[in-house]
Every structure is written in structure tokens, then in C-alpha cells.
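You will see subunit A twice below: alongside subunit B first, and alongside subunit C after that.
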Partner chain A sequence: MFDSFLLESIINGLLLGGVLALLALGLNLVFGVIDVVWICYAELVMVGMYAIFFLYVYYEVPLPGAITAAVLGVALLGVILHRFVIEPVLGTAPINQLLVTGGVLFFLQAAATLAFGIEFRNIGIRMPVVEFGDMFFSFARILAFATALVGVLLLWLFLTRTYLGTAIRAISQDREIMPLMGVDPRRIYLITSAIGGGMAGVAASLLVLQYDVHPAIGLSFGPITFMVCVMGGLGNMLGGFVAAFIFAQFISVGGYLFQIEWGYVIAFCFFIAMMFIRPKGLFSR
Partner chain B sequence: MLEVKGVSAGYGSFRALFDVSLEVRAGEAVGVIGPNGAGKTTLLRVISKIISPTAGTVVMEGQDLSRVPAHRVVEMGIAHVPEHRRLFPRLTVEENLRMGAFHPEARRRFAERLDFVYELFPRMKERRLQMAGTMSGGEQQMCAIGRGLMSGPKLLLMDEPSAGLAPVIVQQVFELVKRIRAEGYTVLIVEQNIHQVLQVVDRAYLLEVGTIKQSGASADLLASPEIRRAYLGL
Partner chain C sequence: MHHHLSRRGLLGGASALPLVPATAFGQQREIKLGVIYDYTGPFAGGGSLASAIGTKHAIDMINERGGVEGHRLNAIYADAQSRTEVAINEMTRLLEQERVDIIMGVFSSAHCVPMAQRVNQQRRFMWANVCVASSVFKDRNLEYVFRAQVHSDQFGEASCRFVAENAQSRLGKPVRDVRVAIIYEDGPYGAGVAAGNEATARELGLRLVLKEGYAATAPDLSSLVTKLRRERPDVILHTGYNPDITLFLRQSRELGLRWRALIGHGAGYGQIDRLQQTFRQDANYIYNVDPVAAQLLNPASLAPGLGDVTAEMVRRYRAETNVTEVPPHTSMGFNQTWILLTDVLPRAIRNHGGFTPDALRQAALATDIPVGGTIQGYGVQFNPPGHPMAGQNARSTPVVMQYVDGQTKIVWPEALKTADPVLPLPAGHAYAAR
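Let's look at the complex of A and B:
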């Protein structure tokens, strides 16, 4: 018997996977290149969501303009984060980098609570629901999936086809000799941070169409993003990409077969099992 | 072309070089020879500004390098082929070569110089899409030299090009050095493999525990009783 609900949840899992993949991509890029984990990554996404909300709802900036401004703004935030928080502790014990970016997480959460209060805010755009046969899909999710794929493709082209992108890949393999190539490592780190921040901004613009913004929103997808990255092998962009889709299928199909909460439980059990089987990630060398 | 004047340098409290001076003239091939730990690598690192000297200056074509940031040294015409080759192992051969041509002037002439490097090392053309880390030591050395040439240098610094290679490959590497010379590059080469390097350079400096003990034309050094006794086992 053909089960169209199962098919619907598989496709929804695929769509969710696209967003998770995009979220994981920025984090993986920064870790792979700078060797620093942005614990506060999901909070950068939150800042982006607030930026779009206020620009669009209060200042009545058209949505494309608000999104562009938010992406650029979060990219700038990434640069500031690197220059003023991470750079001073680069080269010290790795725990320091976790602590300072963890500190930024609490700072951004508390600052958002103080500035915007704890209420849930919605940009109030009703996205259509796409009907296909007797299956229903959220248009916002389809858009997010498509954007995520385009984002992944653009990043891949940038990393493989340009001098800067090649330098970004090279610096993670041998930082010390980069000046011999005529490359200023500091500049590469700042550019990488801007791209990582920009990816968080793009993720924000996709999430703000589906979810309400509130100061603790980072907690609802931050941990999942980290698990996706770790499962794929921190810094391994292909691994993170595949892990995002596996994870999303567990959540979506598991949620359909049992209950939504069970979907997460199964996904986390799978994560824990994978940590024993392949502790260095799906595609560990 | 290059003048090193009274350079001292070290790592932390360890002093590796004491008041070292040397000179490389345009068109020359000059060697710096000496035992392990003499400070040879440190000397090249000072020239390309990976580390800063505690005293002394490095002058390239009349310009003092002390005010030039490390990543601009290559634009001044100095390419450094580092010890142990240091290719980017998970980039392809061609991507490694592209990294050598990172600065703007080199990017403009990338295609032309790539052809030149492939003509010089046809093996690299065959392997252009292979990960650099999967090649043999000798091939990696070709790629490392090629990467240095991609910046269009006036002066090529080579640090122990024969290190870690099988004897038969070492022979080939010195053949490569001869070809680079024949192409008209000025070369400063650091080597422990004293007998062989003295066959390819015009003159050399003997560096021992951070100071220059002797210098002269290759033939004179090969004939010098101290060098024959201490390094050539004759």
C-alpha cells in the first residue's frame, strides 16, 4: 500500500535537511579554516532574524532590502567577533576560544532579552502551502531548501574556483607558510569570518519566514547544528552536508512514525551511536 | 641583489644566528652549507620574514625589508621553497601552483607561467589534478619549486631540497637545480648535502653554530682541508 504520509514526511525531512545543511556550512567553514568553534553561531542567526523583523515590520523596509541588510550586518558581526573576541585568544589553549564564544552566546541572549523583551515576534508574512497530490508542503521550507542548495553551490564554486577560495582551503592545511605565498593570514581569517557570518545571515532570513523570533531561539536549533557538524566531522563541509540530511530524516520520519518528540530522541540516539562508531565523523580519513 | 647585513635571530631565548652577513649578486647561485642545527633554515626564514631578526638588516635590490610585511616579500621578487617542501597536501598540483601566483601581478601572468612550469616539469602537467600529498617526494619537490617559480621571482630561496629523499632522487633534484640556474634564476640554496651542492653553486658560505666560518668559490671550498675533513670525510 502506498503511504503518501510517509512520502510527505520524507520530503519534509529533505527540505529540513537543506536548512540544517546551510546552518552547518557556516560553522564548518569557520572551524575548518580558523580552527575555532563559534559556540554563539545560532545567536548570530538570532541577531539576523531580529534585524529582518525590525527592518521589515517597524521601518517598513521591503523584505529583499531587509534581508540584504541583515546578511551584510551579520557578516560584519562575524568580522567583529573574530577581530575583537577571537583574535586576542588565537594561539592560546583551545578552551579559551570556547569560553569566549560561549560568553558571546550569553551576552547576545541577554542583550536581546533586555533590548527586545521575551515576547515571540513574527514578521507576519503568510507563506502559501503547496499541495501536491494529497501531500502538503510549506512554501517557506521549499524556498529555504532551494536557497540552501544555491548557497552551498556558490560557496563550493568560490572555494574551488577563485584565488581567495583556494587560499581559504590552503590556510587550514598549512598556516605558517601562507605569507610565502603572498597571503596575509589575518586577512583570510577576517574574510572567512565574514562569509561564516553571512551564512548565518542567510539562514536567519530563511528561518524568520518559518519561526517566531525570541531571545532564546538559538537554543532550539544551535545544538542540532553542532551535532550535525560533529557527526559530519567538524570542519568537513561535505560530511556536514550529508549529516544534515540524515539527521533531518530521523527527525521527520521518526516524528511521523512515532511522535514529533520521538523523532528528536531517535536522532540523538543515532548521533550518540555514531560518536562511538565513527568518533571523527562520517567521512573521517 | 640581496644583502644580509649583521643579522642575529633566534626563537625565544635561543639564539640561532649571530651577526651573519652575506651577499647574493644577480645571476649567481650561492650555497649556504653546514651541519644540522647551524642556523641555515633560520637564515632563510629571516630573509622571507617568517621570523624577524633581533639585529641587522636584509636588503633586496636596495630596499630594506624590515618595513615590508611578510606577505609582501614575495612581491619584491623573493620566492621561498621551504624545508620539507610544505605543499598543501589536500590541494591538487595545479591548485598548489595557483597559490604560488597569489599576488596580483602574478595572477595576471598565471597562464603564461603555468605553461612555463609545465614545460619545465612535464610530470607536473600529467599530475595536475592529483592531490599534492599523494605524490612521491621527488615529484613533490618539483611541485614545490614550480610553486615558487609561479610568483615570477628574481631570487629563489631553496631550503634543503634534497632532504628526506632517496639517494637516486637526490641526484635528480640537483639536476633540477641546475636547470633552474640555466633558466637564469638567481638562487640561494641551503644544504647539508655539501658535496653535491658545491657542484651546482658558484660559491658558498659555511655556517656553523650560527656564524659564518668560511666562504668562497665552490672549487676552493671543495679543496679546503677543514671542509674535506669535517664534512666530506676525506
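Let's look at the complex of A and C:
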């Protein structure tokens, strides 16, 4: 017998996958090029959400303007993060880079608490309900899904069809040789950080339509985004993209067929199993 | 005239200080209170901060009145950051380094369960203000931990009894046909309330169609919402904190979930001003089971003077936060502190020789406050050692409230009712079953 609720769960899983894929995109790009994991990535998203909230609600900037400003602001934050936090420890052991970005995570959480308080805030926009037959879907999620697809496509075009993109890919493949060929790695790293930050800003603009903003919002997404990236192979953008949808299906369909907590249990078990079978990620070569 | 004091003279003088009673210098003796709440992290906005403010104001008011039996209260406030390991570390610091006499406060049951165990093992004294999980006390025979607050089994029971009593008259069906779903955050608090829900629902014969827990930090509840839609509950009994409640309400609207009544059980549902900011009219007619917010009670039904205490609590809270709606959490944080500082602690000092853990324990066990003797209406008498809930107040009771057009009404129990419930949700409401 046809179960429309199951089909709805599968499609909702796809849409959740879009949200996770969007989050994973920037993190993967930064790791792929600079070889540094921004543990604080979800906190950059949080900063972007606060920026949109304050611009839209308090300063009455129209939403597209608020989103544009937030994307640019978080891109700038990405540059600052690289210039003042990552760059001084670039040549050191990877654990140092992990620790400093971990430090930034706690710094941003604490700074947001001090600056904005512990209030849960939202921009108060009611998104339309999308009804199809007996099934319902979140319009904000559909937007996130479409944005993730467009984002991946644009990023792929940028990396494969532009000179700068080619330089970024070249640096990510060989950090030693490329400077000898006239590519300035420092500039490439700054541009990559700006794009990575900008992607966090884009994710923020879609999450702010679905979630309240509060200083601890990163806790809901940070760990899962990191796992998606690891499962897809850190730095592998296509891998991360596919892993996001696999992960989301486990959560959504697993949660529907069993208990919602079981969805996460199954997803994490799959993650652990994959770490044994393909420790470098689903699409490692 | 100049006095030239040598370093040796200063040290010599200082060394003699402990031999001189502090009162000889006109100073008061002090009682150290270690107050732990979540001032940051998701629990802070979910009610912990409102509780902490209530507790602080109670301590301030007692100090302004001259302290307790001549002792000034020295409160050290610690932030558990909404994390259990931080709560335990802070508790250890307060007990071992600050040498506090009493550990108190605590919003989250997830923190409360391990903290109570450890304090009891160390034979120190803990006064739990806000956390509600029955599992803090159930079958643990705690000797040095006391809680005047309502416990989670009572939360779970109250909502089911309210539904059963209104099934025929307002939902138009017998109790056995009322479809009930229980959803909850899966920590000790949510699981505790849900267990109370389930036990009472089965006892009363309500038709339980779904019972499911989830992590409070879950980024997605859409599969839970889809399942609820499949099961078509008349009533949803929900226990959660703030981020998950707003996520649930938002995803329910987007995914077409409807109901005839949504009954929350404290925590995030106690913060109606926040829910109204987010959902505006959609938050209308939500129910909340909680110990009553003191300002909703008729002062004439309470012991003389308590109405003034409540008025002062409300005045201070509004002055500090600039909000008009004072949540029940403020009353919980304030009331438990007030009971400790005006009843138990003075008796410990007067009748049991001070404020050692044993003196405090004996004083707590002798507590006998009748109904109407606290600002939240209920009385206080602690279950004795050997009782399955030893240390828990046997006289506490919650109420069922409903938020109607920005005002909080008490709709259960009958004796305290200030309005009839709006049940089922009126047609035209965003969540009304069609």
C-alpha cells in the first residue's frame, strides 16, 4: 500500500540534505584549499544570522539588503579569521590549527552571549505552506535545497572556468610548487577564506528563515556539519554534498520508520562504519 | 603623628585576627550560598535566567532585612553554561574551594540528578530550586538533598487529569476515545514528565497513539511531525526546552500538523512572552503545566504578608528585565529560596545549633508549612528517610494554565481555576484540527 507519509519523509530528508549540504560546502572548500578545519564554522553562521536579524528587525533594512550585507560581513569575518588566527599557525602542527579555531568557537559563543544576551530571536517571517496532495513541505527548506544546488553549481563553475578558480585548485593540489609558478598562496588563502565565509553567510540567510537565533545555535549544526564533511572526505566538495543527503535520509526516514532518536543512531552507526571502511571519506581515491 | 608599622608587626597582628570573634569588629557572621544556574547556553533563555533572577532577589531581600538570625548571606553565583559537566565542576569548586554551606539553584534536571548524588555522597547540603525530574529523588533515599518544587510525575499527571476531566464536556468524546500523543526532550526532565504522562494516561484510559523522545538540540523534527500527522492526536502533551519547542511549532505549521489542544509542561512553555514574540496569534491558547506564577494567585488565599512579598518579587523582576510578563520560573527560583531562608535556615540556627549539613537536614525534615504558606500556594513537608521520594516536598502541586490573548489563566484544578479552558482550539486558529 502506498504510504504518502513515508514519501513525505523521503522528500523532507532531501530538503534537510540541502540544508546540510549548504553548510558543508564552505567548510569543505576551506579545508580543501588551506588544509585547515574551521571548527568554528557554525558560529560564523550564527554571526550571519544575528547580522540579518538586527539589520532586518531593528534597522528595517529590506531582507535582500540585510542578506547581502550579512554575506559580505561574514565573508570579511572569514578573511579576518584567516589573517589573524589561522595564518600565524599555518606552518605548525594541525592540532594547533584545530585548537585555535576551537578557541574562536568559544570566543564567538561567549561574545554573542555578552553582546546579544541569551534571548531567542527570530525575524518573524511566516513562510508559505507548500501542500501537494496529502503531503506538506517547508518552503524555507525548498529554498535552502535550491540554493545548495545553485551554490554547488556556481562554485564548480568558478573553480573550473575562471583563472582564480584554477589557481585555487592548483594550490589545493600542490602547496609547494605553485608559488614557484607565480601564484601567491597568501592571496589565494584570503580569497578562499572570503568565499568560505560568504558561504557561511548564505547558509545563515536560509537558516534564519527556519530557526531562532541564539548564541548556542551552532551546537545544533556544528557537529553534524563536521561529520558530513568527514564522511564525504574532508575537502571533497562533491563527497560532502552527497554525504549530506545520505545523512539526512538516515535522519528523516530512520526517524519516521523507527523513533526519531533511532534516525540519528543509524546515521552515526553508518558514519562509524564508513570510517572503518573508507577512512578518507566516501569518495576518496 | 606617624605610625611606622613593620612588616613583622602587620603579620603578627593579622595572625591574631582569627582568635577574635568577627562580631567584635561589628561585622556579621556569614552563610555562604553556592547558587548554580545556567546564565548562558540554551537553558538560559529557556527559563534558567528568570529562575536565577528570582533566587537572587530573594537573597537580596533577606540581606536587606538583616540576613538570617544575624548572619549575612554571601551568595556566590556560578554559571553551568547549560552543560552538565560544567555544572558538576562548578559545584565541586563551590564546595571544595569556596567552602559554601549550601548548594542551591539548578535549573536543568540533567544537571540536578548527578549533582544531588554527589552532594549527598559528600554529606553536604543541597537545596534544589527549579529542576523537576522525579528521578532526582526516586528510590535514591537522599539524606542531604531537599526540594520543595513540584516533581515531574505530578506534571505528567496534571495534564492527563485535565484532559480526562474535559473529554466529554469539551472534546465531545469519552475518555477512551481521546487520542493523546506524548512527545518530549529525552533528558531526565522530559523523560520524567513523559513517564508521568504515560502512567496517568493508561490509568485514566486515554488512548495513547504515540510516545516519542528527541534530543533538545535536534536540528530537525520533521519526521516526528509527519508521524504525529499520521496518528491524528486530539491532544499533544509536550515537554521541551526553548529551541526545540519553537522548532516543533514552526515545523508543525509548515508540515500541516493540527490538534485540538497542545499542553506544554514547563521550561520553554513557561516563557510565553518568547513564544508570543515568535508565533504571535499562533501561540494563543497553548496550555502550560507548571507551579503557578505567584502573581496569578489571590493574595487573600495565602498567609498574611506573602502577597506583599510576591508584589516585591514582581516589581524587582520587571525593574531588572523591562518585561511585563513575569514567568513562573521567577516564582520557582524565588519561592524555594524564600522557603529555605525564612523557614528552614532560621530553624537550623535556632534549634539545631547552626547551619552544618546535619543541622540543615534536621531543620528541613521538621518543615511543616500548611497549604497557603508559600507564595506559590502549596505547603511544604518533606518526605522522610526511607520514603521512595525521600527529600521531595509531599505538599507541592502544579496547575494547568492557558495563555489566552496575552493573559495567563488557571484552568485546572477546579479549586484554583480563574477561567474556563478554551478547548478545543477555535476554528480558524493556525493549528486547529479541521
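The rule is short, and it goes like this: the second predicted complex is superposed on the first by the 285 of 285 C-alpha atoms of A that agree within 3 Å, B and C clash if a C-alpha of one lies under 4 Å from a C-alpha of the other, contacts with A are read in each partner's own complex, and residues count from 1 in each chain.
Following the convention adopted for this analysis, a residue touches a chain if its C-beta (ideal position, glycine included) is under 8 Å from a C-beta of that chain, and two chains touch if they have at least 3 such contacts.
Since this is a predicted model, take the numbers as computed values, not measurements.
Undergrad: If we overlay the two complexes on their shared chain A, which of subunit B and subunit C does A:T166 touch? Say first, second, both or neither.
TA: Touch status of A:T166: first partner only.
Undergrad: Determine, under the contact definition given at the top, whether A:P179 touches first (subunit B), second (subunit C), both, or neither.
TA: first
Undergrad: Between subunit B and subunit C, which one contacts more residues of subunit A in the superposed model?
TA: Residues of subunit A touched, subunit B against subunit C: more for C.
Undergrad: Who does A:N96 touch here: subunit B (first), subunit C (second), both, or neither?
TA: Neither partner.
Undergrad: Quick one: classify A:E119 as touching subunit B (first), subunit C (second), both or neither.
TA: After superposition on chain A, A:E119 lies in contact with subunit C alone.
Undergrad: I'd like to know which partner A:Y256 touches here: subunit B for first, subunit C for second, both or neither.
TA: Only subunit C is touched by A:Y256; subunit B is not.
Undergrad: Provide the residue numbers of subunit B that touch subunit A in the complex, in ascending order.
TA: 48-50, 69-75, 79-80, 82, 86, 88-91, 95, 98-100, 102-103, 106-107, 147, 151
Undergrad: Of all residues in subunit A, which touch subunit B in the complex?
TA: It comes out as residues 163, 166-167, 169-170, 173-174, 176-185.
Undergrad: Quick one: in the complex, what on subunit C touches subunit A?
TA: Residues in contact with subunit A: 39-42, 44-45, 49, 82, 186, 212-215, 217-224, 226-227, 229-230, 242-243, 246-247, 250-251, 253-256, 274, 277-278, 280.
Undergrad: Using the touch definition up top, name the residues of subunit A that touch subunit C in the complex.
TA: 5, 8-9, 12, 16, 19, 109-110, 113, 118-120, 122, 124, 126-127, 129-131, 136-140, 210-212, 214-217, 219-221, 224, 248, 251-256, 259-261, 263-264
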